[in-house]
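Following are the structures in question.
What follows is a pair of complexes built around chain A, which joins chain B in one and chain C in the other.
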Partner chain A sequence: MTSIHTDVQIGICGSAGDGTIAVGDILKRAMARAGYRVIAFDEYPAEIRGFGKCVARTRITTEPVYSMKSETDILVSLNDAHAIPHVAEVRDFGAVVYDLAPISMVDEGWHISGHLNPGQLPYGLAMREMSEQATGSSRSRNMVALGFIAGLYQLPRPAFIDAIVAKFQTKAAAVTESNVAAFNAGYDNGAGTYRFDKVEVGPPARRTRLQDSTMMTGNAAVVRGCLDAGIETFFGYPITPATSIMERLSVEMPKHGARLLQTEDEISAISATIGAGFAGARAATATSGPGFALMSEMMGLGVMAEVPAVVFVSQRGGPSTGMPTKTEQSDLNIAVFGGHGDARRIVLAPTNVEGCWRCAGRAFEMAEAYQTPVVVLLDLYLSNRYETVAFPKKNPFLRDMCKKPARDKGDATYRRFELTVDGVSPRAIPGEAHGIHTATGLEHNEFGRPNDLSDMHFQMTEKRHEKLNAALKHPDITIYKRFGDSGEVEVGLLAWGSTFGEALEAMLLARDEGIRCAAMKVVMLSPLPVKPIKRFLKDCKEVIVPELNYEGQFANLVSGTLGRSVIRLNRVTGKPMAVAEILDAIRSAAGKRKLRKSVA
Partner chain B sequence: MHRVIIGNGIAGSHAAAVLRERDPGSQITIISAGALLFYNRYELPDVFRGRCDWVDYLVYPPDYYQDNNIKLRRKSLVTEVNTGKRTLTLAHRELVSYDQLLVATGGSAYVPERLLDSIPLMHNFNNFRVAMTVRNALPDGGVVIMLGGDAMGLDLARTLIKTRHKVILIAGDRTFWPHGITLEDRPRYLRGLEKMHLQVIDEKQVDRIEQSNGKGPARRVVFSDGSDISGDVVMPFYGLTPSVDFMSHAGIDIERGILVDPQLQTTRNDIWAAGDVCQIWSPEHNAYRFYYGWKNVKMMGDVAARNMTGDDVSFTTTVDEALQIKADGTIYSPFWEHD
Partner chain C sequence: MYSEHPVYLEDKLEEIRDSGRLRYRSKSMPTWCPGCGYYSMTEGVTWALNETGVRNEDVVIVSGIGCASRFPFFMKTYGFHTLHGRTLPVATGIKLANDKLTVIVVGGDGDGFAIGGGHIPHVARRNVDITYLLFDNGIYGLTKGQVSPTSAIGFTTPTSPFENHDQPLNPLMMLLSYGASWVGQAYAGQPDHLAEMIRAAIAHRGFSYLHILSPCVTFDKTDLTYHNLDLSVQDLPEDHDQTDRLAAIREATKVDRRSVGLYYVEERPTLSDSLDEIVVRAGGKAAQQAGAG
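The block that comes next holds the complex of A and B.
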């Protein structure tokens, strides 16, 4: 028997309060539990309940994939008004599941069944009635719908029951029972429904290997990275989409003897983080664009006083309050350049969930090794995206990267900001014998004492910049990587952050079409790995830089640094970039070259 | 102008094509209770030849509907027609308005009242899903017990026999429906069926159908004299009942089917009917009568669409409706023909 390569994306769309995100969560956990690879991303409104649209999208595969798909295979509508605009996302011979018995009459054109394209297959289900029959209430119609698709595609029922039980374990037993009953009612109905669509879900592949994996969001991976790196203290102020980092840490840190404090604002959070770093603790904060803007002054202090600190910045639509629940990559400029003075810092931008863990852990090492604030730049799509990931059994993060002062020297000779070959000075922790020194925001001499002489300012500025170059060779972290065809290629994709997954998928599809192409992910945005990027650009006849901002902030960084023009692919829709859009750009770039060639 | 067609069979789909051709700017909506696009039901016996993908039965590809700006609403059951307000009520509680309406809902399988309790134990054959269900229920070389034996059933029987299944026909007064067979001719036609390798049981009345216990065929047909036979599948083929229930309060004349004049117009000037659902006034017979078969029904769709767009044409059949006996003694029905 030939095994089916499963690649199915399920979208569940409803209104806030319909339980859309909840069933999406159960779906992805159940499928991961069953041994499939899962990538999931939820769209939700800024309002708590009763207003906006929620969409829970889950991509279930047996082979490795790197992004969400542009097309949905199965769409479940829990609210037709919200789901109707998403019908167009469903591919031909895909399925649309909806409630065929709304509670009241709907106006002409407001039922989703009237909006299906001829190639899509309708599955009307009396969700409300089935929920009432199974549980005595219509509230569990989301579970009926989930059960229906699970039954329709013969997904493993026990994995779902386990996920439902886990989801409601903190609630009364009756809540779990009614949700299971509603799920089972839907499952039985789905299992008895004849399927006309062309959506195939085969058994999970390489089950044993995936059993060792876990499914988590980017923010959860950041938390795990922090804990594995031995975080000792965290200060934060809530802001979407970074809040869940603090929420999870508040639960986990006390178990490890570490401390967390919610401060009164972001300025306090970064100030306390730098203070803790000065005191020798592994310290971090997490925020989003508006919060990071408030932190910019203290980032300067961290750079000037050479204090280790880790700042997680999860980008969202901006500027100002912007679009708190929509994704964007428009804080690259503030992360790399934001602040006053020549304040170079390390900026890491992971491209997937596993990368969130690795960058979080390495960020603590780097902050300590190079004595400077390190920004880990995430975005909402990455922070909230679920992926199945497998972590190494051995914790790879080093606990102490501090360059210590020599013990045989006395107070008078200890130079906290000594001008060394690599720019990194021996660092004493307050209270350490023979380590008395001054840390200040003023320009200073090697002892830390205020000094604004021209030569001193130049030397110290140079020291603070040059010491970061060593980060480009920091061990066991991928700061850039090339994929695809080697050597000269027609089209190269240069991407960063969460958009790299879409870029990689588009590149692989383009190769399938016979276009020679490659993609490079750049994880370290500052200092920029100039040499490998330069080599890559030299290999590429055309270079596309896809990113979720209007200005082309990474394209500007690359063009400005390397003087090479690139094709900018910028989108600010609040959504991840579609693979199809990048693929079209690749085709177009490759096509233009062919046209030029034939004209010549 | 919003023209709504209820029914996605030959009559409705052909009418939509003609309407689009004659009035490119109008809004056309086909409302269908089924999940699929228009497909050729006459070819369904091919599932026993291994043609098991519904896409292979499509008359038009999905793009056809978008290219021709024909809106097809599937899984939408019309429960009521309000002719005063010119609205339809769909089962999912949505109102749809129309300016002109064509009813082309066809018919559903007729089952005698004495057998209604046995319906769950019988297999229909009127759409792709149930055709596949029969295929899956029938083992290689399995036995089909066919009740009644109307023209559609006999067409299926031809394929079943060619695909090495056994067909037992329980003949009765609906055998050969809709062909009218005289009592004198009946034995000759039944012999024709035997020549086609059907096993014919005549002059016995089915009392009930039971699920077999244990091994062997899944169904047992019990006759009123107490005797019984066993088969893997039991299929009723007693002809059709027009699907008109949803029109019962519409204020148009209905007998068994919707009564229409030769122009296929009902007693309302904004509603037409075509296909197996309508009884057409025949001046020749001085009565309302049904016309069956692909050619007739397609012609009705054509006539209705023309008259809805201002023409004045009458339906006349071109089909020779007589059941034929071929040179080899087997029978042939003109209703088996299709495009």
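The block that comes next holds the complex of A and C.
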């Protein structure tokens, strides 16, 4: 059998309660178990029930990829009314699987089969009948549909059975049995169906590295980073899409003797985090935009009193309550600039799931080494999406990075806020006899006593700013990276956060079309790695900054800092940016306008 | 109090030195107005710490914003001068990071019951093992005399020129109903009793709330003055049952009496105890057992 590069995206669309997200979950776990690379991202409504639309998208590949695709290869409809708008996403010669006998009466024009474009191949399936025959209930339509596509493309049945058993292991045995029965009914039907689409699924890559990989979400990777870095206290308040960080830590932290408290609000969450940081613990909190806005004042105290703390912020659609279950990148401004006064802090924005883990771990090191709050800026797309990742065997994160005062010095001569060359002062924590001091939100002198003399405020402000520059050289973390063509290029993409994956895919496609181009990711948003960005911009005839906000917050940051105008590509649809849209922008910038239909 | 023997400065200084209270005092001079009730806080806390014998480096004093907030600077202990209203969650974080520390929170009525009011129920119900010394002068002193949540009806200030119409809060009743495990009241005009109450509050294992009536001599000439408080402050009835929460609430409702003393005390697991229990249930090693912070 000749090996082919597999790259298939499957979208399962249904109504809340259809089990859409559940079968999507089984699909991605089965495929990861079988050795494929997986990226998956679910779309779900803000309501728990209420018949809102759910879409579970899973991209299965053998080669490394960086984002979801704009186009779907296989669309499974569990609810035609919800799925019809997604028919346009299905590629030519792609497959659409739907229920021949929908549970409810379907009004004229609302059956999906009437909405397929020429070239999209239909597979009508009697999902309800098959579910009833296999299990005695129509509730397992989702498993029938999953079994059908698994059989149709000859995906490994045991991996699916394992995933189903794992999924329902806490339920009664009968639940597992009926789900397996429904899956098998679908599988057998799929295996016996003549296939006339052009979707190909080859065997998984035979790379041993992938055998050790696990599939997890960005938030789960954050949790692993926290644990690997030796987190001691966590204080949080539930908020979408950051809640799963606290939920996972609630289970994991006590196993390591660490303490977690659900506080009464975000203000107390950050206050307790700063308190624990002051007392020497590795402390963190996690929130989203609305909660982070409440934290702004205490972030300022962390900067002023030079207290280490780690704050995870997973962005969602804003402002105000906005779109809690939709993704956006509109909190860059508040992360980098939020709060009053000259309050520079470190802001890290990972671009993928592995980066979530690394940034989380390094954030604790940085907070301790540079004595300051560190923001790790995620977004819903990154927090919730699954990727297969492989972690190094050895835990790379360092402990005890705090610069300590000399033990022989008495407290009379101890200067907690000593003006040093690098701006980092020796820091004592409560319990240490040689370092008694009071930290304060008032401007202070080297001893920490309130002091508002002009020179002192100037020197202390400078110290608090300049000490952070060392973070630009912090070991073993990628704070920026260039990909694609080296040297001068026609088009350069400058991207941050989750959108970088889409930018990278678009750049690679543009190169295939013969456009000289490159992409740079920027992980550290504050302090900004100005020099490498400047070098990159110099190499680019045109620079595109794609991001999920209206104004172009990163574009403002870059052009404001470097005085170079850039092409802004902004979308606020609540969804990840489509690769095709970025590709169009590249072509347009390169002066090679082509019809969108010609995108392969 | 008059002594039949003359008091010489030298003898007095020696007495202060011998008392050990200076052990916990920094070299900074307090910056409050002469006559301020807060001076008795400095005396009371230093005396109480000396009684407990705790090491200077094991004490953290947390303050917010207001006249009381400068207190940590006058002490030779660790201190954290934080934000307006956020003392209690900061202190919670400090305590959970290191159980060995003695954590004392100081604040005023505005800091505690206006901007910070949302945190009090939660620190009380969780029984965080910290001591909260609330100095109630019924006024915003540091911003020059505005009305506060404990100001009396009819109180005239720059922001209530047509008299205060808002019903004042009853902090003792609030704390008792929130489930605080130690609730007491003292008066800055009775410094010895105050010091003893501070000692008992610190000694209590769990959340202790001490409400301290403390005149603002600069901006309040009519209401919570030493003169008025001297007339209204009295001891709790001798037969008051300190383990009866309802009896304590009944005493707290008698706002004209301003009774000082211990209203209520109970022993129950602290937040740290509960978190250690969770660690044990999860199969981990508890912080206190591990002997680490």
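In this text, the second predicted complex is superposed on the first by the 588 of 600 C-alpha atoms of A that agree within 3 Å, B and C clash if a C-alpha of one lies under 4 Å from a C-alpha of the other, contacts with A are read in each partner's own complex, and residues count from 1 in each chain.
Here, a contact is a pair of C-beta atoms (placed from the backbone, for glycine too) under 8 Å apart; a residue touches a chain by one contact, two chains touch by 3 or more.
The structure displayed is predicted, hence computed values, not measured ones.
K.L.:
Quick one: name whichever of chain B and chain C touches more residues of chain A.
P.N.:
Counted on chain A, the partner with more touching residues turns out to be C.
K.L.:
Can A:573 be said to touch chain B (first), chain C (second), both, or neither?
P.N.:
A:573: touches no partner chain.
K.L.:
Between chain B and chain C, whom does A:100 touch in the aligned arrangement: first, second, both, or neither?
P.N.:
Touch status of A:100: first partner only.
K.L.:
Touch test for A:118: chain B only (first), chain C only (second), both, or neither?
P.N.:
Touch partner of A:118: chain B, not chain C.
K.L.:
Which holds for A:449: it touches chain B only (first), chain C only (second), both, or neither?
P.N.:
After superposition on chain A, A:449 lies in contact with chain C alone.
K.L.:
Looking at A:213 after the superposition, I want to know if it touches chain B, chain C, both of them or none. Which is it: first, second, both, neither?
P.N.:
After superposing on A, A:213 lies clear of both chain B and chain C.
K.L.:
Touching chain B and also chain C: which chain A residues?
P.N.:
Chain A residues touching both partners: none found.
K.L.:
Mind listing the chain B positions that touch chain A in their complex?
P.N.:
35-37, 54-55, 62-66, 71-76, 90-97, 129, 132-133
K.L.:
Under the touch definition given earlier, write down the residues of chain C that touch chain A in their complex.
P.N.:
28, 55-58, 60-62, 70, 72-73, 75-83, 86, 88-94, 96-98, 100-101, 118-119, 121-122, 126, 271, 275, 278-279, 281-287, 290, 292-293
K.L.:
For chain A, which residues are in contact with chain B within the complex?
P.N.:
92-93, 99-102, 104-108, 110-111, 113-114, 116-119, 121-124, 194, 196
K.L.:
Quick one: in the complex, what on chain A touches chain C?
P.N.:
232-233, 235, 251, 254-261, 263-265, 267-269, 271-281, 283, 297-298, 301, 305, 411, 430-433, 435-442, 449-450
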